[in-house]
Each structure stands twice: as structure tokens, then as C-alpha cells.
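The letters A, B, C, D and E name the chains in turn, as written, and every chain counts its residues from 1.
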Amino acid sequence: MNPGYKLSLRGVTRSFRSGKRTVEVLSSIDMDVRKGAFVTLIGPSGCGKSTLFNIIAGLDVPSSGTVAIDGDAESPRAGRSGYMLQQPLLLPWRTVEENILLGPEVRREARQQAREEARELMKRFGLAEFAQQYPATLSGGMKQRVALLRTVLFNRSFLLLDEPLGALDALTRLSLQMWLLDLWQSFQSSVLFITHDVREALLLSDRIYVLSARPARILRVVDVDLPRPRRQEHLAEARALQLERELLSLLLKEQPV
Amino acid sequence: QRGNTQGGPQEMVKVTLAPDWTPNTNYTGVYVAQKQGWYHEQGIDLQILPYSPNTTPDTLVVNNKADIGISSMEGVVADAAAGQPVTSIAAIFQHNTSELVALADSGIKRPRDLDGKIYGGFGAPYEEAVVREIIKKDGGKGDFKNVIVNTNVMDALKQKKIDFAWIFEGVDGVRADREGLKLIRFPIKDHGIPDYYTPTFITSPRQMKEKPDVLRKFMAATAKGYEYAREHPEDAAKMLIELGGKDAFPDPDFVIASQKYQSQYYADPGQPWGWQEPKVWLGYPRFMLQAGAVMDASGKPVKRLEINTLYTNDFLPPKK
Amino acid sequence: MKLRRIAAFGPAFVVALALLALWEVYVRSGIVTQSVLPSPLAVVQALVDRSDALFAETVQTLLETLLGIVVATVLGLLLALALGLSSLVRQALYPLLVVSQTVPLVALAPLLLIWFGYDIQPKIVLVTLYCFFPITVACADALLSVDPDLIRLLQSMRASNWQILWMVRLPAALPAFFSGLRIAATYSVTGAIVGEYVGAERGLGIYMVKAVNAHATAAVFAAIVITSLLSLFLFVLVSFIERLALPWHQRTLPGKFGQQPERA
Amino acid sequence: MKLRRIAAFGPAFVVALALLALWEVYVRSGIVTQSVLPSPLAVVQALVDRSDALFAETVQTLLETLLGIVVATVLGLLLALALGLSSLVRQALYPLLVVSQTVPLVALAPLLLIWFGYDIQPKIVLVTLYCFFPITVACADALLSVDPDLIRLLQSMRASNWQILWMVRLPAALPAFFSGLRIAATYSVTGAIVGEYVGAERGLGIYMVKAVNAHATAAVFAAIVITSLLSLFLFVLVSFIERLALPWHQRTLPGKFGQQPERA
Amino acid sequence: MNPGYKLSLRGVTRSFRSGKRTVEVLSSIDMDVRKGAFVTLIGPSGCGKSTLFNIIAGLDVPSSGTVAIDGDAESPRAGRSGYMLQQPLLLPWRTVEENILLGPEVRREARQQAREEARELMKRFGLAEFAQQYPATLSGGMKQRVALLRTVLFNRSFLLLDEPLGALDALTRLSLQMWLLDLWQSFQSSVLFITHDVREALLLSDRIYVLSARPARILRVVDVDLPRPRRQEHLAEARALQLERELLSLLLKEQPV
């Protein structure tokens, strides 16, 4: 497989047995993420996006097909990506700083060094003043920032972000989108991102994979040829509007009633 | 066989009796009289109340929940000190049949050997004083460890968790013999402790004032029952078993053996059942008061007590 | 803040005083004798008169209780770990633990005496038997109800099972642990007293037996009052430790109901 | 489905059998006498031999228990309503209810006997005292924790307080009520037995006292086994009624832990 | 006040006392909703939108100012609007149908008649097949439909909808927007609607009130002159894009960091 790819999926399928029936969730997915690219999956609810992420993160195994990270399809995958789930999943008994340091701690890295790096990042991404607070005192947007930073500190080269902004209100979401783009650019991470929001996908991505309803197939691959660095205004350009319409109509057809 | 044989239909008076234990051979006379219909003959409809593990018959009698109770001399003394006056109206046994016991193979040969040993007690206030006195009278120091055991002391003794205990010969003593358990016995009354009445029938001052006739009739039938048991231990035991039921008396042979022992002590030879002697009522209460084994309701020791009013023979059938 | 919390007990205090007054009047009316129900003042009198003796017994019972709680905590946590981490252990032991809770423990008394004698061990055993179950169930439940996504997050980081236990499951179970401990604390004194009942030289339970035999009812009630106060004290103590130990944990229903103690 | 649920008890069954076998061997080894610990087979023998008597006592105790549970449920619900709907009542009564739970109820025995005599009333009183508290606390807590937005929704519809109570608060409190009742059910048999200690002609408690005094240890254990089974039966019964009564309510942790019973 | 208005607010303020400080939440709000109009409030999180709704619904009283429904500023306001909060707030022990019948039941209306009407509505708005299910079995989108229908059955003339679509994923949200417009048009309701989403506001509203951060003032009143019936495509028109930009920049300025 191409070593320029952070991630390569070939013919990945996944079925679950439930009782006597077998439910096919992923039906032969081929997918590539180039190093440093921001790639988005978009698809109807329940189509299998999180299932695919679990496989990539090493929490699940495909029924068939291969998954290669950095060209390596053999080694165990757990630990080789920074996986962020839909909820922030902060540990309520740890302060913001201690939460961010979870990754290095799991890896048993030198504590002092990790702490310095974390402080550096918190300062750079506007969380320094909350470092010693418990998560319960933070707003939803702040929690997601902390969770994102924790993910990055665990693995900055490859991020799997499963609808990280889905639970936020529309305005907060707008500001976190820009924040996320900033983060991505600073670290030159490869990102695989899930959203239900076509405009969010267009704003953030280099490439969008549109998935069908379950069992998920790839309906369309869209390369987003809008300029970088991306800004909100780019979404009002004719090209963006056309893509939006196209993607929406594709998705609404897949949407259950 | 039972019922009011003489005098035609008669107004029955209901009388309640509160026992201090589940049915046992201390009560044989009552059961015999009940079985023979002697209470009915006296116009008494006797109801033996259920045993109440969490209350004393004394309390029930004082609060008019029972007319008559089964208690003991030391119980009556404690009641008086605690401001709950009851009166003892008949002694079931003429002598104290209780004793300190140890395993025969324990090396304990005489009371002074009990020094430094573990005593499995039941938490009565007079207990330590009695045991200490017995040891001292035999030339010991009277130092022992008092562990209050609320389970069967004989089991504890057999398993050597305690060194000695205080039991009734007529109950646990007889049982030990039947089990072939070898014991060394120090009967309380033979080791320098004044003899005393345990158990006894009690009633409240109010009953004595309001229903002296009923009390007399009750005691007449009861005395007849105990006299019968004294003469016919085996018959009496069978009546007890019949009325008490298989769950209270799973081993009839044991009851008969026990009854044979108990019957010896219902009265001294040639004497009627139930009588209480002033000298007995002086001796042991004095010992208790001196030993600090009597206390008031809040637990403070009581040193002086009027004893004469605590017992009476007035309700017993007159001596011939 | 402090003052307000105390003031919140005002109405309860008033009602309590009214009940005590009623009780005093009832007893003085002579409907029951003091040998059944001593008046509150008589109980206070007994508390004062016998304070020296009662203090010594209280220390003994408290010691038994605290040791028992420690053992119950250790045992409860170990069992909770076993139940919470292995579904086979859970299937094998959980029903039996439930059944064990329906056995009247007093029935074990003779056995405990035979096995452990009359020293402090049987008391510790009984306190433990009274206390481990709420701790076990609360913790095992909490270990099992940890958000599975949290576990998956750690797994995606390639954390070992030990790390997951240590970093996620155990801290997440702490609030439940304290709830269980609070319930256990209210049982515990009863456990110690039942343990003394098996056979003992001293302690509040023995004091009660002696006082009952001496027909000293006011003294019995004095011991009961102390028993209640001990239970309350342990209840409050656990809540206090919890507040210190879990600064991040705000009760879901603050200022309303605390964790309920259960039947002793 | 049914079969699978029963199969889930397999491991527990195996462990239970193993424990019984161990017990049998231990007793046969002669380390303890059967008068302290009868062997399981001896207990079974006693259950068979005394089945007539035991059945009659069981019926009596079960009757006392059920009546007590009914009274406790009514009282518990009324108290819960008072606590749940008025913060003054809550402040005045809740601390006292907690304190009441730390009082050893056995101390009330003489008083109950004086007040109620030997009939079924003192047993009902004791079962009630053992059982109302978990019901009260669970329901009051639930009444208070109803989503305030639900209340506001009804208020915006101009619903009366009675409508809100009837349409929202009470139904929302039902699952908690059943949890409380399940805990209460496991206490209840103990309550009835303690009630029989107050003074009774029949019932399992009195049977045990008689058997203890008659040194019939196997019969004592037979009665204990029945007591356990009664508690378990009531526990299962409540769960069963709950499932029928609340079809909409799925346990949050299905197939894992049931509601825990608490200490008896 | 103008009787053509469903709702008129004049100088409405609300402050809360918290400890010793007084927090001003609403600072003199003037607002009108014409009969049959769809009016939207948009404003940063925590600015006081729900507080205002509570006042209109009769759950709270203003510190000063007047609130008139149908020109009547005196009568109690509870019961005179259909108020729907952010969560669906379905009663889990009632089936879908019984939930929808909550309003008539509170009003003690004839049961049979209400039931027939409810069945009619459920059929018309695609809920008939779920009528006998418990809410726990429904998807988030379905729950919100049930909640909306319940609100309409309680009071179809005046609806207060507090972010009813906020918790749904982007695609489900799109389909519920159209469903809601359909509902509104069928009943000719007057609607006051809260959202954080500028595009949602533009898609649905006749008029948009933009609120400032706390204490809420009205920053701008925008009459949305897009054609009716509204469709998704209208949002791509130049006029819509201009409005969107305008509103967004206004709001982002008010947004806390």
C-alpha cells in the first residue's frame, strides 16, 4: 500500500450477529487518507460510521478486508491514532490539566515533560486559565476543546474525530470549527472526521466520503477544492453552494423517514 | 375427667400466667393441674401466655398484662429496687438447685481452682458476687474472667470456649448426664451462699388487694398439681409433654429424667409445696445488697431495701 | 452557609423536643410504668449517673465497630472487584450473596462463639457480615456502570486492563463506594452489639444485657441512646470524609436528601 | 429466553451445592457437634419431619409479614408525599426519620406488648417499622427528583398541583417505589420474627425460640431456611409485580444486577 | 395594544437576585408577533431567551413591563400558549398517543373527541404507526415530532418553541424543519421560535429578533423577505446569503470566547 497514506482501507466489511440474523453494517469500504489531509465521513444516522472508526482505532476487527496505518496492516492498531468519541468523556475526578495528561500517563511517559508540553498547548489554545478546574465547571464548548487537546496530546499525527461538535449549539460550533482548523494546521495532523452537517464537512475537509444507509457503501467521494486557509465566507461561494446542494440531495435520499 | 365436676355451672374467672421461659419441668405442676381440670374445679379459666423473649413476666404483672408470673427471688428483689414492686406468692423449689459446673477432665477439682478461669455467665447483677464468694470461701482470690454468653453455655463448655458455667441441675445437669458428659459440680447452696427460691410465682400488689380469692383458688389448684408431680414424676412429665407439644419436648425421656430430679425438691419431706421461709428471704437478699448486686432503674447500686413485703404465703392452701 | 445548614435543622429540633415532652407527660401520667418506658428525664439522669461506665463500654463497642468496618470495606471492595470484573464470578456468587442477606445472622451466634471465642473477632465478623453487602453491591454496580465509552477511549489508547481499572473504574466507583459505606456505617453498630450478644466481657450490648437483668430500664435506654448516637456519628463521619475525598463530586440532589441509611 | 435466564443461575447453583457438600463433610468430621451446627442433611430431615408444624408457623408469619408490608406501603407512601411535597415537613421530619432508623427496635418490645398484647398488631407494627423507611425515602427522593422541566411543562398548561401530582410525580416515582418495596420485602420477614419475639403463640420466630430451648438445633436451622426462602420469595414477587405494573420501565442495567436487598 | 398582534411585549425586564448581587437578564424588551406569523429569537447562549419564554408562558413574571396575549395583558398567561421546551419531555409511562393527549386531559376535555382529533393529526403528520409505542422506543427525531404535536394539540393558535430542533443531528434537523413548516401552515399558528442556528432562522421565519448577550437587548429586527412556501434552496439565494452573513457577524460579536 502507498506509504504516503496515513490510512488505507481495502474491502473492509463488518457484520454483527444479532440473535439468528446477521446484520451487515459495512459493505466493502475502500478509503485512503493522505498524510496531513483532513478527510470527512458523512452519512445517515446508524449507517456504520462509528463502527468503521472502532475498527480503525483497534477496538474492533473487520469481518474481512485490510486496514493499514502508515502502510502497516499487521501490527495491532490500538494506540496508533487519537480517537475522540461523540461525548467529551472527560474524567470528572481529574482537573482539566490532568485530563489532558491522560494520554502520556497511559503511555507511561515522563510526567514532568508531558506536563510542560500540556501547559504549552493549553496556553496556545486558550485553556490555560481553566487548567486547575474540574470538568463539571466548564461549558460544553470548553469540554470539547479539552477533549480535543487530550486527543492531540495522545497522538498528534493521526486523529479520528467522531462527530466532536455534534452536541454543541450552532454558534459555539462555528467558533470550534475554526479552532479545530487552527489545531490541525499547527500539528499537520492527518484527520478522519465524522459529521452529519454538510456545511461543516465543506468548511473543514480536503475530501469527503459520502456513505449510504446501512450497510454502508461509499456513495461518492468529493474532493473539496475550496481555498485554504478556509473561512466561513468560502461556504457562500458558488462552488461551495453547488457542492452543498449535491451532497444534501444525496444524503436526504439516504435519510430514513 | 376435666371441668367443673362440682357445684353445677359456675362463673369462670379468667386468669393469665406469664412464664419466664418456654415450657419446661419447672412448670410441671401448672400443666398437671390444667390437664386434670383442677383450675376449672376452682372456677378458674387459666390461660398460659406465650413466652416473650424480650420482656419479663415481672413487667407484665406490674402492668396488669398478666395476673400471675413466674420469676425468682432475685428478680423480685431487683424489681423492688427498680421501683416495680411485685410479690412472690409461692416457691416452686424449696432449694436452689443451681450449680457451678466444669468439665470433669478440666483439672478443676475444687472451687478455688476456678481462679483465673473463664466463666460463661448470663449477665445477672448478682452473678459475679456469687461466684467470687464461692471461690473465696474455698480459699481462692475470687479473680476470674466473666464472659457473658447468650448462647447455650453447655455447648461453649463442651467446646472448651469457657471453663465453667452456672446451670440448673434439673435441666442442663440432667441433660449432661444423659449425654454422658462428665462434669464436676459445685452446688451453690453447698458452697457458702445462702439458699434461695428460684423460680417462684409472683403477682402484683394490686391483684392481692383486688382478687385475693382468685389468687387463693389459683394457688390451691397449682399446689395440687405440684403435689401430684411430686408423687408421680413420670405421669406428670407425660402430661407436660402432651400439653407442651413435640416441638418444645422433642426428647420425652429427657423430660422424664429431668422431672424425676425436680420432683425431689418441690418440698422438704413431710412439708407441703410452695412455702417460703422468712430466714431464706432474709439471707440471700442481704447477701445481694451487700455485694452491690442490687440497683435502681438508672443502674445505681441500692444498699437498703424493705424485704418483708416482697413475699407472702397468704395465698397458699393452709398447712394441715 | 454553616449557620444556614444548622438552621435547617430547626424544625426537626422543635418537633423532637415536642415529642420528648409528650413522652415525659405520657410516662408521668402513669399509664405505663417506668420499668417499661422510662421518662426522658430519667434516661438523661441515667446517662449522667452512669457516664463513666457507659463511656468505657462505648469505647469498646466503637472499637469493634471501626475494626469491623475496615474489614468489611476491604472485603467488600475485593468482592466488588471480583463481581465487577468477571461475569462468571458474578453469576456464581451474586445470587448467593443475596441469599446470604436473608439469613438471620443471630442464628450464627453459637457457631461464632465456637469458632472465634468471645474476643473481638466474632464482633468483627458480625460487623463485617452486616456491612460488606451494601459496600459490595454499590461498588460492583458502579464498576459495571462505568460509561463503556470511557473504557473504549482508554482501550483506544492501548491502556492495559490494570490501567483502566486504576484510572477509570475505581475512581468512577468512589461515590458509590461512599454511598455504600454510609449505609454500612448505620448498620455497623447494630452488628457490633449483636456480636457482643454472642459472648463478650464488655461493650454496650453487654451493658444492655446486664441492665435488663438488673431491671434497670433507664440504664437500658441510656445505652440505646448512645447506640443511636454512635450510628449517627458514623453516618456523619462518612459523609464528611466523602466531602474531603471527592472534591469533584457534587451530590446530584444537593441540600435535599442525603443518602438514606437503611434498616439496622 | 426463559431457559437462558434459568441457565444463568447455573454457576451459582454449582457453588451452592459445593458449599453444602463442604458443610456436610465439616459436620461429619466431628469438629463441631450437631448441637451447634447440624449437617445440611439433618436440616432437610427436620424440614421433612416437622413439615406440618413448620407449614402452619410459616403461614402465620407470612400473614403477619404481608399485612405489615401493606401497612408499611400505605404509611410509607403518605410520608413520602408529605416529605416530597412540603419542604417544611421535610425539614421537620426527615432528620427524625433517619435517627429513628438507628434505634434498635428490639428495645420497643416490652412497650409493644403492653400496648398491643399478643395478637397480630405488634407484629404488624414491627414489620411496618422495618419496612416503611426504604419505601418512604425512595419515593420521596423520586417525587423530588422529577425533572423540573416536566413540572414546568404541566404548569405552562395551567395544570393544577393535583394534576401534576397525579399525572407526573406519582407515575415518575413508581420505579423508585418498587425499588424501595423490594428492599422492604427483604426486611419484612425479619420484622415479623422480631415481632413474634414480643410475644406470640405461633409463627416461625416462636418456633425458633422453642426449638433453641429444646436444643433441637436442626429444627432451628429448618426454620431459618424457611425464613430465608420467604424473604427470597417476597423479593422475587415484588420484582414480578413491578415487571407487570411498569411495562414501560426497562431497568437501566438489564440482566446485570437487580436491585440489591439490604441487611435484615 | 394592537389586537392584530398575537403577542406584544413592552419594556419587559427581568432581574434575578443571586446572593447579594442582582443579575439583570432581560433589559427592556419590546416585541410583537402578528397573528399567524413565524417569529424567531436568536441570541448567544445564556442571554435570556428561555427566561423570556417563561414569562410569556406564564411560568414567571417580568420585573417590569407588560406582556399582552391577544391584546390582553391582565389575565393569567398560563395555558394560553403551547410551550415546548428544549427536550421532548415525553412522559415515559404513556404511549405516544397518550402523550399527545396530555393537553386535552389537563384541560379536562372530552376524552373521546380529543382522541379522534389526535388520531387524525398523528395520521396526517406521520406518527400513526407509532401511536401505541412507548417513547423509549423512538428515535430522537420521532420524539420531537410527538412533542411538537402534543404542543399543537394543546394550543394550536400560539406556539412557543424553545430550540425544539437543537438536539438533533444535522440531517434529521433538515427534515424536521420542513415538517414544522408544514404543521405551521396547516394550523395558521402564531409561532415564537428560539434557535442558535442562523440558517434555520432564515429558513423558517417571517421575522427574526437578534438578542445581545446578557442582559438581553434587541440588537436587530430582521424581516425575512424570502418567498413562501420556503424551501432549502432559498437559503442559497443572494438575499439569504447576505442576511446570513449579516446575522452571523452580529452574533459572533456577542458570542463569549
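Everything that follows uses one rule, which is that contacts are C-beta pairs under 8 Å (C-beta built on N, C-alpha and C of every residue); 3 or more make two chains touch, one makes a residue touch a chain.
These numbers were taken from a predicted model, which means no experiment stands behind them.
Shared contact partners of subunit B and subunit D, listed by label: C. More C-beta pairs in contact connect the chains of B-C than those of the other pair, out of D-E and B-C. Work out the mean CA point of subunit A and of subunit B, and you get 86 Å between them. Averaged C-alpha coordinates give centres for subunit D and subunit E that are 49 Å from one another.
With each centre defined as the average position of its C-alpha atoms, the distance from subunit C to subunit D rounds to 18 Å. Subunit B and subunit C, compared by their mean Cα positions, are separated by 39 Å. Subunit C has residues 32, 36, 110, 114 in contact with two or more other chains. Residue positions of subunit B touching 2 or more other chains: 59, 63, 152, 155, 159.
This structure has the following touching chain pairs: A-C, A-E, B-C, B-D, C-D, D-E. Chain contact summary for the complex, subunit C toward subunit A: residues 147, 149-150, 152-159, 163, 167-168, 171-172, 174, 246-250. Contact residues of subunit E toward subunit A in the complex are 44-45, 126, 139, 163, 166, 169-172, 174-175, 195-198, 200, 232-233, 236, 241, 244-245, 248, 251-252, 255, 257. Note for the complex: subunit B touches subunit C at residues 56, 58-59, 62-63, 75, 78-79, 81-84, 118, 120, 122-125, 145-152, 155-156, 159, 161-162, 294-300.
Residues 8-12, 14-16, 19, 32, 36-37, 88, 90-96, 98-99, 101-104, 107, 110-111, 114, 130, 133-134, 137-138, 140-141, 144-145, 183, 186-187, 189-190, 193, 208, 220-221, 224, 227-228, 231-232, 235, 252-253, 256-258, 260-264 of subunit D touch subunit C in their complex.
Contact residues of subunit E toward subunit D in the complex are 54, 57-59, 76, 78-79, 81, 83, 85, 87, 89, 91-94, 102-103, 105-107, 134, 136, 154.
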